[in-house]
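Okay, so chain A shows up in both of these, paired with chain B first and chain C after.
Let's look at the complex of A and B:
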């Protein structure tokens, strides 16, 4: 049985004459998927389309087989946290999460159990009886996450969920995402912190000007970008000898000595030929301690595909 | 190919009914509205007139108390459509003031706090949201309209007996339908003003202004074009005409009748509903 996916089939959304997203085709498998793109690129529009908060002008969307036009069914499996403060004035953290659960139709005892469970998971138990209005920015972010996960959704859609979180809570929150993703659920999130996206995303969707620029696992997306040479950092003791051997290879476009004698920074246009060349060098008796791709990350993809490349 | 360990299970326990979920928001709103002192005072004051009318009904049904007063008094004390029409007129004023106080706090805070995406991320539709907000006002306003109206009707029916009820049952349905139509219209006006105006005081004033301005506009059209039909555009006149129709009270022949006025009210309510639906979107679209 194939994994349940989130499918966009030729979806376009316009706000009057302003483009939201244009002809989007996506198949998002379970796991952590990060939406990456500049401000106004259409990330939030994509999220709102998935949640059915807005509807497309054309095309079809399916979220694990459910239509966003049926909120009664869809919202039972979907949790959404916006990037805005949306807590009702005067409500405590517990009331905020609890009221949301009551709207889902859970019995009273179940609502209380789930509310406390979600609050505990986000580390807000001690502050649960305090008013949300008195929370810090990071605490408000966490209580929004708590209300999004409280009903134990299969699809978690989070707009800038790491904003305002301190490093410790950030790490705990990422662990939560990983746990969700590893359980076969969808975690779709947008983030501007590209280095972090790199660390926890199973795949990325790069979006610019309302159009999908790339989607997939970071490594496979990088492999598709042929116009930019791949960068590798080689850790080796005899850097100058390795450099001279590599220069003989036709696919090598640039070699630099890495700062502080860390090795060589090599740019190649053919990753497979480069791997073969390294194998030959290693077999010839020269020690190569490590090979690290330096542009197999979202930062580089963003730079190449959206930022225009260097 | 990724292998996921599906370590979660969907909740398959009991769920509350759709109606019970609809009533969640009104429950919180009623609690908040009834904690306002002014609303409570208004509710208490609005019960004086029904109490006076109850005394009137008692007096009307005990002829021994006014036997010495001549024949005219019997006609004056008759409990008929005219009596209930006057009762509804007075109570509708309280309902309008109450709506202008309680209504503006319903939708505006949700819009100001970007809370609509939160609501719509629950198993609720936009229409569920509108309905649940309307239930708040319908509940509060029915306390000063339908409830005392039907109590008075019940009181009269129980004192006057089965014959009176058999001949006048339409007064009960008239009170119910007439007030329901009125409080639905007033609720829509209050919610629409709350959706479009952020400041509570201004939104409250707009609710009252809606009735005064349309009344003025209707009179202007009548005067300029020397017609009578524009009276139907005056919501106060229109609802009065509908009540009179329901309670079998005579309407001047040169003025628009109950059906015309009912059509205008339904059209007006439809327009207000469309305005609300246009504004109440999870994501505000700025073109």
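Let's look at the complex of A and C:
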């Protein structure tokens, strides 16, 4: 049985003089992992390194115990949907998926069954006999995804998979990721649609200028950033009273009225002390209807760590 | 799935792309060009036979009696009306400073006869026969020599050379340009197996195109000749010649294919390897014996069944460029070519393992 992690051990990759990624150490557990970073930060480089499309200048990569230098083994457990169509020129959607399966050595009938199953799963059955060249951008995304999942891989790597998808298909595709990630498999994707990544990712890897800025569950990554205040939205009826009480706390750095009287936006440098202060306020008889962390999402982390470059 | 099955599967998937690639469509033109030339030659000869035939044919025995020094009137009386008869009168300019001008003939007459197979051109100067040139419209021996020359100097050196360049260099470089190479690299296949599968696809296509081209051009050269001559040829050395021409074409694809496949892995610009290879193949005759063994053309020339006649008055340097320096025996040529191919493919395998895909920025 293969080891269930994807490991980067001190991996560096340079394109000539240009830095791809530098000294990357990662242990990616199963589940949905999002690679987040601005253009040119090294997301695709990381994906290409994992899949052996490029090789590191130094360091070692293992994908569930397999080396990217052994495609004959690795590609049996890995599916990669790149940003580019990969298939015979002039192929129909079915041929596009089917051709990729032929090299796995499945019997002909099994190839066809798997191809149709993957196409159906991505909702492209009606368009399967049409040429891929005539597909819309969203359909191309889906057929590439169908190609990547057709052999039922343990590791699914997706480069900007949500680009060009309409909201309904996007929701279905995210459901597919969740389904995959929930079964002990790896789903690794990059995306610029940060809100969506925030919603369905089990962990996030923030990357900037070829360096890993942060990695882990979104909440724990957030907690690692001690130097930056955490932001909470307090729903309460007596906002001015709560504000005056909180101002007395030394860890509170800023309090603002939330728009449309929704409550207070509070910035604190100590989450534990803030929780204790809220408890004291509540015990003093002041109603606090809800406390919602507003910056435990990738957007906020992205801004804190990378400097606002969405 | 065994590696051999994978190689065949890859070759099968690639064949359509190799045969019908727009990028290498001109390969077909190179392959059928000699057939067109020989068919054109046969067609021209037949048209001439038709135009000069019938009552304009003169008996060969009569034409053989025409001797130098006979007058034009004597010849016409002996052989009858010619197929063509042209007279040119020189405009005489008196030039005291050029005594040679006085010796120039004033009337030149060109007469042409046809005996059903040969055209006989006669040149008279001032009424006297000074030149007699008889040649067959279709001479089997001549045409076989012409074919041998065409095969070695055009088909092997240029046709197959550039054809293989077009086919094999695109197997990897073309996919890189089309941004589709990752399809293969993401398959559960060793890179070496992928390389051999693609090479096999290119080889099948190239050997089919140029082997068929060689056979077609050979048949275009042979079949229009006199049926008796052709029948004799087929009963003796014809099949062997046909076999070795096709085999040399196919083996040319084996050798050049491996070189250009490797070049496509290493270099972006196909012009550079083509020029280097062309120079290497051309100067092969000047190289020491050991170096000559590293040339594809060296072995191919040794396989050609008819030696190319090089004129005696050809400059020595040109002779060295065109003639195989030290021909090998057929088994040595075949084994040598396969050894060179294996060596190049081995180097290509090492290269493809390190090959990276980077179509652009993310």
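Keep this in mind: the second predicted complex is superposed on the first by the 301 of 310 C-alpha atoms of A that agree within 3 Å, B and C clash if a C-alpha of one lies under 4 Å from a C-alpha of the other, contacts with A are read in each partner's own complex, and residues count from 1 in each chain.
Assume a contact is a pair of C-beta atoms (placed from the backbone, for glycine too) under 8 Å apart; a residue touches a chain by one contact, two chains touch by 3 or more.
These figures come from a predicted structure and were not determined experimentally.
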* Clash or fit: what happens to chain B and chain C when chain A is overlaid? -> clash
* Which partner does A:202 reach: the first (chain B), the second (chain C), both, or neither? -> first
* Check the residue A:154 against both partner chains and state whether it touches chain B (first), chain C (second), both, or neither. => first
* To do: For A:105, select first, second, both or neither according to whether it touches chain B, chain C, the two together, or no partner.
  => both
* Asked: Looking at the overlay, does A:185 come into contact with chain B only (first), chain C only (second), both, or neither?
  -> first
* To do: Classify the contacts of A:25 with the two partner chains as first (chain B alone), second (chain C alone), both, or neither.
  => neither
* Between chain B (first) and chain C (second), which does A:48 come into contact with in this model arrangement: first, second, both, or neither? -> both
* Applying the touch criterion given at the start, work out whether A:76 contacts chain B, chain C, both or neither, answering first, second, both or neither. => both
* Structure fact -> The shared contact residues of chain A with chain B and chain C are 15, 48, 51-54, 71-73, 75-76, 78-80, 82, 84-89, 99-100, 102-105
* Structure fact -> chain A residues touching chain B in their complex are 3, 15-18, 29-31, 48, 51-54, 71-73, 75-80, 82, 84-89, 99-100, 102-107, 110, 147-148, 151-152, 154, 182-185, 202
* Structure fact -> In the complex, chain A touches chain C at residues 15, 39-40, 42-45, 48, 51-55, 69-76, 78-80, 82-89, 99-100, 102-105, 159
* Asked: Inside the complex, what are the residues of chain C that reach chain A?
  -> 1, 5-6, 9-10, 13, 16-17, 178-180, 182-183, 185-191, 193, 353-354, 356-359, 361-362
* Asked: In the complex formed with chain A, which residues of chain B make contact?
  -> 2, 4-8, 10-11, 13-18, 20-21, 24-25, 28, 109, 113-115, 117-125, 281-283, 285-287
